[in-house]
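Notes to accompany the following structure.
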Amino acid sequence: MSALLDVKGVTMRFGGLVAVNDVGFSLAKGEVLAVIGPNGAGKSTLFNVITGVYRPTAGKVSFDGADITGKPAYEVVERGIARTFQSSRLFSDLSVLDNVIIGMHTRTKTGVLDALFRPGASKREMAACVEKAEALLKAGSGDLHAQRYRPAGTLAQADRRRLEIARALASEPKLLLLDEPSVGMDEVETDALVADIKRLRSKNPDLSVILIEHDMRVVEAFPTHVMCIDYGSRIAEGNFETVRADPRVQEAYLGKAAAHA
Amino acid sequence: MERPMPSGAPSVATASLFVVASQLAGAVFLYLVLKAEGGWQVIGLLALLGAGFFLLEKKPRIADLAMASMARVPLLAVAMAAVVVLAFPFAVGSNTYMLHLLIVAQLYAVLALALNFQLGSANIPNFATGASYGIGAYVSALLAINFGVSFWLTLPVAALAATLFGFLIGIPSMRTRDTYLALVTIAFGVVVQQLLNNFDFTGGPNGLVGIPAPSLFGHSFADPLVIFGHKLPSQANFYYLAAALVAVAIVTARRLHGSRIGLAWNALRADEIAARAQGINVAWYKVLAFAVDAFLAAFAGTIYAFYVSYISPDNFTFLVSVTIMTMVIVGGMDNIFGVIVGAFLLTILPEKLRAFSDYRLLFFGIVIIGFLMIRPQGLFPQRMRDYGSHS
Amino acid sequence: MRAGGTLLMRPLQPEIWRMAELLIQQMLNWITLGCIYALLAIGFSLIFGILNVIHFSHGDVAMTAPFICLALATFFGATSPYWLVLALVLAILAVGLLGVVLDRVVIRQFRDAPAMMALVATVALGIVIREAIRHLYPEGSNPHAFPRLVSGVAFEVAGVPVNWFSVLVTVLTVALIGLLFVFLRMTPLGLRIRAASEDRVVARMMGIRDGRVFRATFFIASAIGAVAGLLFASYAGVTRFDFGIMAGLLGFSAAVIGGLGSMPGAILGGLIIAGIEVLAQTFVPDGASYRLVFVFLLVIAVLIFRPAGLLGRPVMEKV
């Protein structure tokens, strides 16, 4: 089976700091990969490399059969990779609805001249976007749809995370990258989030997901492949049980825990 | 900003009444301001205006009602606005000074709307709108003086030239931001102004004189305008021309604002990295904002050149750009109506303060600072887009 | 042809000498002007460092100094050079205080506002300062003669006389930069200013948000600006209410192309701007009227290739 995403030997250096060190993995269509590891291990940097925020110092990223290494972020989205951010980066002074509609940017095509001289077409496009966005807002847990005219900046923490996911889905991705989606959620909300992602996958069996998570309950909830990163390097990979039992993984987490105590 | 949308839309009758009454009230107020002489009248009208804004601030329902009414009877709103604008010169009569103020105010409204794409929608600094305005004015004036090109033909040519200039200033914006980008635009503005001041073919510091009046269907804009036996001074020609341009600018602004382009600009204003992650080509949208700004500004410049028939580099200085920025900020960033109000207010008010004419600029500076400190969102803050689905 | 050639050899020699003299003369000009711009740029950079705000009216603040000095000199009424020195010192202190007051009343309000707001607000502040001079100072809209602070020839370099004024400007600039360097590195207050400008977030967490850092920074930046303003007026022999616009634009440009927040960058920027100005005036026909065009084209070019200035650190946004 040909992989949807193929990451080979990716290294990301910032000056003297090696944030990601020779990491490689691949992901098939419809698969879920969970990336775990202590804070500052380089997980988000890996996301940034895949989505084109950073150009890797070395290595190659291919997606859907094409080399996307160092391609600008907006192009990567167009090819079908959508993401959320660890510290949700919503467009806080725009409404919830607008946030989702902006997520459809790569799936709409009105240009300046169209907007000016074919207002009808532009309006129809927007109307279709609104309809789609409302459906997306209704689909997830929480009551985002009822809050669709609120500025995104005024949402509660859990709703912000949900909105980020809705916005990412708006681009009709083939691969969804979720950077710690459960941060700031309580247990009930986390369970709802897991249910959301499960529902999403059953509706969209082809959608691949990469999940950065600290909450092991979320990781455990999916039939996942798990990869653990520490100090930028991959230290373990396999199914959840194997990775959890790996002594190096335990050390990475316990070491951190000990340091915090 | 955090208000939920009103639940019930007003009835057609209420909406119509509100639209007609508010527009008439606005027109009467503008007329009184233009007519006012002496310090006390102006101060009284300013107090009235202040009270109006205080009321709007205390009762946000009024603004919601206004928006809802406009949305309810859009055709009536547009028709009424057209009637008011068309009829205004008849009320003004032979008072050419009032007409002059209105023409300048309308041109500034266009410039402010042009800059609003950048400053308001995308929060990109641009201290070179004055330069685009100047390029429009000079290109069209040179074409008319040297080659006898008709005004109507110079319009698109000047706009094209300024748009190219807009793209040119836009290019550094792909890499520089905020303060650095502000300096790049300042630099472009100074370079253009200095070149106009130094080149021989632009007439140097003396500028260009004797730009011929445009004509349409054999009617020269230098002649009085006779409508239904009613004779209006020649300025009325330019008044209507400028009004048409304002209408074009409003339509442009509304269509762009309501399309995915306006949303993309808003997105990169809020968070550039997140915007990129939604697939927005941030660099292109920034350059685009510069180009659209320059395009509209050039139209205003062309009309200005043909209206006053004499232009010099002094008309297009750094201070002109700052004035335009101020209009956007005072009126309300990313609010079309607000920006127009800002332009009118800041064009007409200083003129009305002739009593203290020496201190006009001083007053101007203090007003800007005061506004930024007390009401940074402007007179009319930006509003959420309403997609009209309140199920 | 050959005869003519040998004949020409003789007058050619003085020609070369004249070129050399011109060159040295222009280099002196360059250093003098470069020092003045560097002093202005340092103020922009210092203030940007701690506030992350461009104090666009810094040039106008600086150019109030010659007016204050003239007013004080008139007030003292005496012709003795000691009175002039006193007027100069008082003017510098007064401008330092003016900076502190403006920070307190206006600029600090925009510390956490979007950069654009602060920019426009300080542009407006510049208008207010200029107009205030114009209307409040007697005959404010007219140019006022400003004396050369020192006159006479100090020494000669290869036959080119070097004025005491150039010596004064250079020595003063070097001394001020040296003092500033020592202050920022050796004194507790200076260290706190540096800490605040290196990393605002950390500095804020450590509680360096107190007013003293702001007061000190504005006082120093404005006082140094005042020195630049006085030297500029003295160099030009005249001062005008609207000198502040150009002084501000050139000082700001110098600070930006050097890299905002970087002291060496500010000095480098000042020298570069002055250099291009002098070069344009010397070697380009009609260069004097085009000098601003050259200066600002250079600014644009630098920012296209080095978006954070020559010595500035590019900001990497954390994602």
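Letters A, B and C mark the chains in the order given here, with residues in each chain numbered from 1 onward.
Heads up, the rule we're going with is that contacts are C-beta pairs under 8 Å (C-beta built on N, C-alpha and C of every residue); 3 or more make two chains touch, one makes a residue touch a chain.
Given the structure is predicted, the values throughout are model-derived calculations rather than measurements.
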item	value
Centre-most chain [mean C-alpha coordinates]	B
Most widely separated chain from subunit B, with each centre as the mean of CA atoms	A
Between subunit A and subunit C, centroid-to-centroid distance (C-alpha), Å	49
Whole-Å gap between the CA centroids of subunit A and subunit B	42
Separation of subunit B from subunit C, taking each centre as the mean of its C-alpha atoms, in whole Å	36
Sequence positions of subunit A contacting 2 or more other chains	53, 85
Shared interface positions of subunit C, touching two or more other chains	319
Interface hub residues of subunit B, defined as touching at least two other chains	273
Contacting residues of subunit C [partner subunit B, same complex]	48, 54, 106, 109-110, 113-117, 119-121, 123-128, 130-132, 135, 245, 249, 252-253, 256, 260, 286, 289-290, 292-293, 296-297, 299-300, 303-304, 307-309, 317, 319
Subunit A residues within the subunit B interface of the complex	51, 53, 72-75, 77-78, 82-83, 85, 89-95, 97-98, 101-106, 108, 110-112, 114-116, 119, 122-123, 125-127, 129-130, 134, 149-151, 154, 167, 171
Subunit B to subunit C touching residues, read off their complex	119, 123, 125, 171-172, 175-180, 182-184, 186-188, 190-191, 194-195, 197-198, 273, 318-319, 322, 325-326, 329, 358-359, 361-362, 364-366, 368-369, 372-373, 376
Complex interface listing, subunit B residues touching subunit A	1-2, 4-5, 252, 255-256, 258-261, 263-264, 266-267, 269-271, 273-282, 288, 292, 382, 384-387, 389
